[in-house]
Structures are given as C-alpha cells and as structure tokens.
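In what follows, a structure is listed as structure tokens, so that the remarks can point back to it.
Which chain is which? They are A, B, C and D, in the order written, and residues in each are numbered from 1.
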C-alpha cells in the first residue's frame, strides 16, 4: 500500500514514513464504517450438488491424498477464492467410503460434525467411539484427538464446521498427528461421554475428575437427534406452536458447547414465517428436514433437506416454512459475546 | 449466663460488665474446638414407624388443623426436643389423604420432596402442576408458591427436607399465604418445567426469559426416577461396577439445585462396602431401594426401603450393601461451599 | 418439647410419636412467620464503658488466662445471655497491654479487626506482620494463623467481629494452635499483603501464585484509613455532598473481603439524615468519627466516637448526623446474598 | 484460487466444483501447521523516527484531513503493507498540536492510549475529561465516545493501540460520530472515573448504578503512572529485586481492563536478563524508561525510551536491561484466554 496526495511535500513525506513502516491514517478509508462491511455474501449450497460432488470425490480421490480427510470446503463467493464460508468459519462436507478410516490428529481449531443424511460411521474422540446418526451433533473441540471410521457397507457424508479462519487470524494454529491405534470395530451404541453426561437434564456424576471439568468445552461430545426432536416438540407444546428453538449447551456448566461455536436447532412449523433479524457474526445453517425459503439481504434461496446456507454478519435473515423446517445453526456468537461485540436486531 | 471466678474483685467486675452487656471470653469454654462439637446425633427413622404414624395422623388430624400441612417432623435425639433433624435442616414425612389439598403458600426457607413410596399426588409450583411418582425429586425452592393435591383414591406420603433451621438462624424467615385458585384436576404427565428444561442433557430453550434464569434456583423443578436410574446404570457400566453416584443440578447453569440444598443419588451394589468418610454439614439420607447397614460414628443402623437417617456434621459414615442400595441424600453442602467451610475426609 | 391436645387419643398419639422422635407440625407455631421474628434487639455499647472495662480487664486478667485473648464480648440483651451480638455475629473489644503478645492460632470462624482508637500494635497473619492504626480494617479470615503483638509502650484496644455463631450453627468450627515463632519486633510499615495487592486500584501482580488466588478471601489483609477517607472525600465531591459509602472488597476478584463478612464505611455529613432502611442480616456498626443519633426500630441511640451498635435483621434503621459521622459497618450480607435471602427495603 | 492436478479427470472435477463454490481440502496446504505460521514479524519502531514523523505530520496535515485524527499507523513489515502492527492489533502514534481538538466519535473496536512523553492534553470519555500524563494508561473501550483536546501550548503525542484488525475480521465494526459539545477547557486533575474507582485497592462505591457494572470493560478509565511505579517498587521490595510486573485490571471485578486488551507494566532492573518465553497472541511493547536489548526470534533490537516493538504470536522473546527498563505491554491475550487458545512457554 502506497499513498499519493499529488502534493510533492506530502508525497515525499509518504515515501519517508513508508521506509519507516508507518502509514498515514488520514489517507485510509473504510477502516471504521457505520455498520459492518462484510465481504462474505449470503449463499446456499444445494444438497444435490454437495452429495454428487462428495460422492465423485469418493471415486476420484483416496482418503490419504492430502490432509487425511476427503473434504470439500464451501468457498464463499465473496471471499475471492478463499476456502472459507465466511471470514471466521470453515464449512465443508466430508465423505467416507465404506470401510475407510480417516486417521487421528488434533488441532487448536475447534470442529463439529452434523449429520444430514445416513449413518454407520463413528468418530473416535480421545479414544471414545461416538456413533454418528442422522440429526446428531458431534463435537470435536480444540485439541481433542479425533479420527473417523466407516465400518459400514455404505458411504457416509456429513457437515463439518470449524473456527479455522478465526484461529488462523489469531495466529494460534497448532496441529499434531494422533497415535495410530488398532481400531476396535466393535463400537457401543453409546459413547462414554454420553454414559457420563448424557443421561438426563441436570444429572451429573459426582465422582468426575476435576480435570474433565477444567477443559474449555462440553464434556458431552454428542447430542442425539431423538432428544433434540423431543425437546422441540415439548417447546412447541408450551408456546404458540409456530416455532421453537433449543440451544445445545455444556451440561456441566453455564456456557456454549465450545468457546467458539454456538449450536442451535430451530423448528419452524409449515406456513409460518419468522421475524426477520440481523446479528453480528456468521451463521452457518443446514436444513435437516422440511422445505421453505430463506430471505437473506433481499435474496431468496429455496431450502430443501441437506442444503447448507450461510448468513454473514449483520445480514437480514428471515425464513419461511413451506413444510415444517428443522434448521441446524452454528455460529461464532460465543466469540462475539465474550468480546462484547454481539449485537442482534429484530426487523419489523 | 453469669461468670464466677471466686475472686471478689473479678466477681465484682463480672457483675459490672454484665450490667453493660459484656462478657469475658476468658471465662468461656467450648467456643473454639479442634473439630466440630455437634449436638445432633446419628439416627435412623424406620420406614414402618414413619408410615404407621403418618397414616394414623391421617385418621386423627384434619389437614387444616395447623400449618395446613399434615407433617411429622423428625426430631434429632441430640437436640433437646427441637423439631429439627440437625442444627441446620428440617426433615419430615408429609401425608395426604385421597382427595385432600394442602393449600398454597410460599416461604423463604427452601424445600424439596422426595417420594419413597406410592404416587398419584401432584404439587402446584407457581401454577405449574408436577405429578409426583416414586423416586422423583421435586423442588419447592425459596419463595415459590406451592400447594399439594391428592386427586387419587389412595393416600400418599413423601419425605420433606427444608433448610428451615438455617434460615431461622439467619433471621430471614418470610412467609405468605398463596392465592386460592380453583384447582384444575386434569394434570399433564409432564410439567411445563420439564417440557422446557427436562428434555435432555445440555438442551436449553433459546427463547427463555432472562428473569427465569435470574432466580437463584434450578428452573427444572422435578427430576424423574427413570432418568436417575438410567444415569446410575450408565455410570456403573463405565466404572468398576460397585457404586455410582449422580448429583442433581441446575441444568441451565453450573450450580446445585438450590442455593442451600445439594441432592445426590447413590447406588451401592450388593456386597459392596463404601469407603468411610466424614464431611462438614448435615446429610439427610433416604433409602429408596435395597437393604444394608449404615455405620455412623461407630453405631450400626440396619437399612430398609423407606428408612430415613441423618449423618451429622463430621460424623464417620460408611454404608454396607446387602442387596443393592439406592440412597437419596440431601445436604447443606452448598452453604458450606459458598462460605469456604466445606471439608471432606476419606477414612482408610 | 411435648405436645398436649387435651384429646386423649391425640395425646396418646403424641406420646407414641415422641418415643419415635417425631413431632406434629400442626401443634407448632412460630416456625414460619410473615417477617423475621428476631430475638436480637437493637443496642448500643458506649465507647466510655468499652474502654473503661477493657482497661480494667487489662489490670485484672493476664492475657493467657483463657483463650489467650483478653476480650469482652458484646452480649445482645435479647439473646438470654449468649455472648453474641446477634444470632449470627460475635463482636467484642480486645485489649492488649504494652508489651503483650496474644499467641498464634487459627480457626474456621472468620474475623476482622477495626481500630477505633490508638495504634502501635500489629497482627501477624500467616507470618505477615500488619501494623494496626486508627481507622484501619484488618482481616483475619477463616483458617489464617493470627497473633497479636503490642510492642509499643501504650495499651491498645480494637473491635473484633467474627462469624462465630453462624459457623457454630453450621457445625463447622475447627481450631488449631499456631506455631510458636520468635517474634521479630522490627515490623515494616507496610505488610507484604499491601506491597502485593494494596498498590492502587486495579493493579495486581502478574507473577502471583495461583494458590493465593484460590483462597476464598481477599489477599489484601488490611485497608488503611487514609485511603478509605480519600475515597469518601472523592465520592462526596461527585455526588450531592451529603453522604457517601465505600465497600471494602477483594481487589483481585469480584467479591466481598471474606465469604461471610461485608465491610463498608459510610460518611454522613453534618446535618444530614439518611433514608430509613431495613435489611435481612445483622449489621454491626462502629462510630469512628462524629456524633449523631441512630434510630433503630423506634428507639434513639446517641452516637459518639468509639460507640458500637447493632442493627438486627429487618430492623428499621436511620442515622442523623449532628457532626459529620464516619460509621464502619460489617454484616453477614455475603451469606444472605449467596443463599438468595438478602432483602433490603427503603422506608419513605 | 484454482486447483490443478495434472490429471484430466480430476482437473475437470476441480472445474466443476469450483463452479459450485467448493474446494478440495486435499489440494490445500498450510491450513493446519504444527505451530503458528505467523506473517507478522518482530520489529521495533524507534522513538526518534516516531517523534520526527509525527511532528512533521503536525506541520503538513491538518487534524481534520481524514478520520479526524492525526495518526501514523505502524505497519508490520510482514503484512504486505497492511496498516496493522500484527494480524490482530493496530498500533500508532497520535499527534495533537497545541490548541487542537480531535472531535468525538465512538466505535466497536476498543482502544487504549499510553503516554510515552509529554502531557497537557486530555481525553473526554463519555463526557468525563481525563488528563493524560507521562506513563498514564487511558482506556477508550468499545463504544465509548472519545475526543482529544490539547489546551496546552505544546504539541503532544501518544501511543494508540486498538483491536481493530480483530474486530474487522469478526465483521463487527460499527462507528458513530459523537455529539459536538462545547468543550469546557477547565479540566480537573482527576476524572470522575478516578474519583469513583481509583481511590485505592478494593474500595468500590456502594451506590454505583448496576448499569455501570454491566459494561464489558473497566469503569476505571485511567491508571496513573505514580501508582504503577509505586506498585512496581513494592513488588521489587518483596521479590528478588530483579524484575516485577503488574497487570492493569478492572477494579470492580475479576477481569482485564477490556475484553480484548491485556495491559501490563514490567520493570527489569539494570543488568538483569529475563527468561525467554513465547506465547500465543500479539504483544505490543513500549519502552517508558531505560535502555537494553530485545531478542526476538533470534534478532536483536536496541531499546531506548519511546521505542515501540511488536512480539508476534509464538515468537521467542527475551529482554536484557542495560539500565533499568520499564516496558508497557498490551496484548490480545484476553481473547486467546476466552477462546481456550492461550499458550505460554518458558524457554530455558
């Protein structure tokens, strides 16, 4: 970046200070804007394309070709080809052929998996096998070893969301290969994490080690669809019956599932249109069930099961349900909250 | 209290300062003891007597005779006839005939109900009806209106525990009669409290009012036995299979169910004897299932379903299970924790 | 306690349940009252009597006669001779002759010292010597070793406040004699505690050990009058100039100085009368400077420097300043706060 | 970004998925690295150049030319001309001529000012005038209106640090012009903020409005050098006398001065060399007093008063003091802490 004022004295000055690695604020623009100027744009990736291209990758690319993961990253059209769904989040589909294993590693960027279709695979989290079923949310928080196994006879695909761009922007990416253990393919229906922490609202084992509690993320690593669905049905029973939403939280204390990712599931009943809103931070949304329309900053996107869409920061956002929609949302809201930067406005 | 030193000058002085409402520390003893000197003694109330005397009260005493509750308080033999199970806690059995109603009131002392036998009654908590079944824990926290209804054709009895002696010692007892509403006898299986907060570990409604969250107690008012039992079975699966314990907690944040009462359920498998311990504060224990022996400060108490026993502060405590025991415990541990006074020691 | 109903069947029943250590709620009264029924009464101990009787104890009683402290406890006239200023707090004057030492011990009841007159003594707190001057607040929190030395040539007296009745009611009193070290009589003006934590608002050493931070009380053990006075003057400058109050707090985190005692200093300018209030919990107040009147539950008490008065729970309380008053107050408010039992009402 | 595999089928596939805004993870590299790969490099800006170029800007550029601030941003040589000192922080010198005013505005990026030389100006913070002296730290947290006045007869310069790149990366920049009030040039020595919260360790006004406490930043807006210096001297007295460090904190609760910026002052005594360390996140350091050498990732930078240097994330960092150094450091550590990403290693 070089500054030119068309005034010789000033230009000389700009040259001098440039040598000294200084830049004049008064020649810059766009640093402080009335509202966020966001490069990422609203966009929807259709289930059909995601599935087709993931399956095709399964044919063309071995799992160990690079990065040990067969992953297609959603690249926001506003980000000039960066492989990120927004400036702060990474979203992708991951595809595992029958019998394949994606080996263990861990990294400081935190991740979650949400299963939009199928089942049969499991994830090993610091040695605890977690079976992945449709509608399940599986956490792979920062610095937890994880590997993925598909012992079934069908390929499987799921949605990955990571805080990678944010952790990279903070210059805090660390990575380690995992231990290469012999995989024990006999996997229980319920992980140790669920046996300990998933047994009901407010029930926590008393004998738990203090260290488990001191990790910055939820000790419950998977939230099953059956429970989420039941919770939504219960809330609809209580309210006006038009929409309901649950937040997935750390059952052992008062916080989101991880320090960087907030997760929610929203049910919008057929025929209902939500109040429009806008909020700071990125929302990555995935349609589990139902059909309808997302109105994002004036654009309309048709929604079907398996679609993924992104709502950039401060973007107008409204959903209309044609048939009853179940939309999973993950966002960087815990970060904005912690930094005093979370804002939300309803638009009437 | 008058002090005598058998020294004339000193006795005259003691007379003078007594007039001035002053007392000499050097003539006192027992104020600061190496370990707690506890008046309350370990004791067990047998299920048979509790049931027999409660049923007899049902015959002899109308519900509205005094206090609007038909309650038998357990009076610790060490407390000189005070109607308290220890210096800090009140424990009692409450008996409701078929068709009876104990009308609404609220008070600053916090209470809980634990159902040792039977079912069919419900409690109305700030208007939310909570059906009470065997093994269920029902909270009636400080300043929440509560009334009890038994619309069934059988009498019902349960255990009450309150922090009444503690709140009285703090000179902080307030009480109000409740609104006299027409009772609607059609009661749902699940309370609104459960529909909102009892739908699974870590799932919390996002649309909840901030005020609900600002109350000092759990928004979940009932913990069902089926879930507690499942949690204990899951923990036994994970551990050495000899004992397991869950703590009941506020599912919306990191704390006990109320600011004064900690609740836990412990399963001790047949044949196992626990490690002996002692801890500050009172533990009130109720046997839900199984048989065995409690060893408390050297005494042995046989345990059967429906028995209630008290473990006073710093009392040696050890349990031997003949058949698999389920023991519900409530204690004032949150108070001792908050005040920096909680101590626990294992005795090998 | 025995119950008599003048109905033979019922009386027989009461006999039977009495044998079983059960008592009928419906025969009790006074358990749940609309507002607190408080035994402690408002009372004031005059400076003259406190000083006279303390000095006389200095002549009559050696320091090691009993309890190793020469202390006169204020006995609330409403408490039937119990040596407590209220149901929850102990207040006393402690007197140390020139050259005397009150040896080290520690106990779970937490204490504080407030110096109403004089100086020259120091307290050793876990080995850290804290010089005590007029208007200084010195903490001796739960389980901290403390010993008192008076190396000066004048006797010294101060106010002690402890949470002893409360800790005793919780059956949580522990006590230990301290190590008998040779006292080093060369004591610095500023304790290590002040050098570390008393250097200015918001300045905390970064190299501090985590363990120091994990204690349940403030790491700053003394609050000097010069700073308190300056703070009050600054606040009067900002407000309407009629009254100001500071709360003493843990400078390292968001809490009171100890888990059981709240400390405040209030300045009421000559001619001003405060708004009347009532609050749950006991307030122990000491007049450092000025003169006026305390109106407590309809009674009037003249106030002079060195006077100590008690405001029992929920007692109407109003102060009128004839000359500008500085009143130090300590209360059990942190306990009531933690238990959800703190209430305060302004009375217009 | 386009991917080429030199395999026709794969290249066709890459073309297809590119159309669908998808990218293949297995063709990417550098996303997950063993340790942070940091673009920002260690660098030092000399006091002489900062002062010379700032003064020259004072001659060449009117205050209202652009952005209403006469500011020279330090541009990290590793960031390809971006006007940021690292990927997360902005650092700059700001220059105000005698008599000038930089008008009011507010923005979500949070700022602080540290005065390396001179005095005489003041900052108006939500209407509260704060005089700025040498060694003072002045906060201008997120969304607080601020304007700068130099009523003196000398120009003044100070260091600005903002979290601007981080807030921009989070797409959360908001900005508003402030009210244009008539400036009242009679400014008190102590701001209202200091009168309320700066009166001594642990002393907080009891009458403070809850809203003041609910802001996400310290209510104390300025930390005076005299207190910081006294705190460092006290800590040196306690320790081995070789180095001491204080952290500036919110005096009303347990947290850093703002949610994004940690501030510390470190004194390293002449002749002492610190233990080398590395930590995640950016440190911006300014030399207030003394001379010595900074060793950053193997490079040596001579240090003199007024110099500013940057220690990028995970960069080796060691300081050698020739004469006693006082180094002010601000960092984004609160963000890394909140997100579970803070790591620090000592290098022996």
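Quick notes
Rule of thumb we're sticking to: contacts are C-beta pairs under 8 Å (C-beta built on N, C-alpha and C of every residue); 3 or more make two chains touch, one makes a residue touch a chain.
All figures in this text were calculated on a predicted structure; none of them were measured in a lab.
Comparing the CA-atom centres of all chains against that of chain A, the greatest distance is found for C. Counted by C-beta pairs in contact, the busier of B-C and A-B is B-C. Centre-to-centre separation of chain B and chain D, using mean CA positions: 53 Å.
If you average the CA atoms of chain B and of chain C, the two centres end up 31 Å from each other. With centres taken as mean Cα positions, chain B sits 43 Å from chain A. Multi-chain contact residues of chain B, defined as those touching 2 or more other chains: none present.
You'll find the chains touch as A-B, A-D, B-C, C-D. Those residues of chain A whose C-beta lies close enough to touch chain B in the complex are 190, 192, 194-207, 218, 220, 223-224, 227-228, 230-231, 234-235, 237-239, 244-254, 257, 264. The touching residues of chain B, when paired with chain C in their complex, are 1-2, 9-10, 13, 16-17, 20-29, 31-38, 40, 43, 45, 49-50, 53, 56-57, 60-61, 65-67, 69-77, 81-83, 86-88, 92, 105, 107-109, 142, 164, 166-176, 216-217, 258-260, 280-282, 312-314, 332, 335-336, 338-341, 343.
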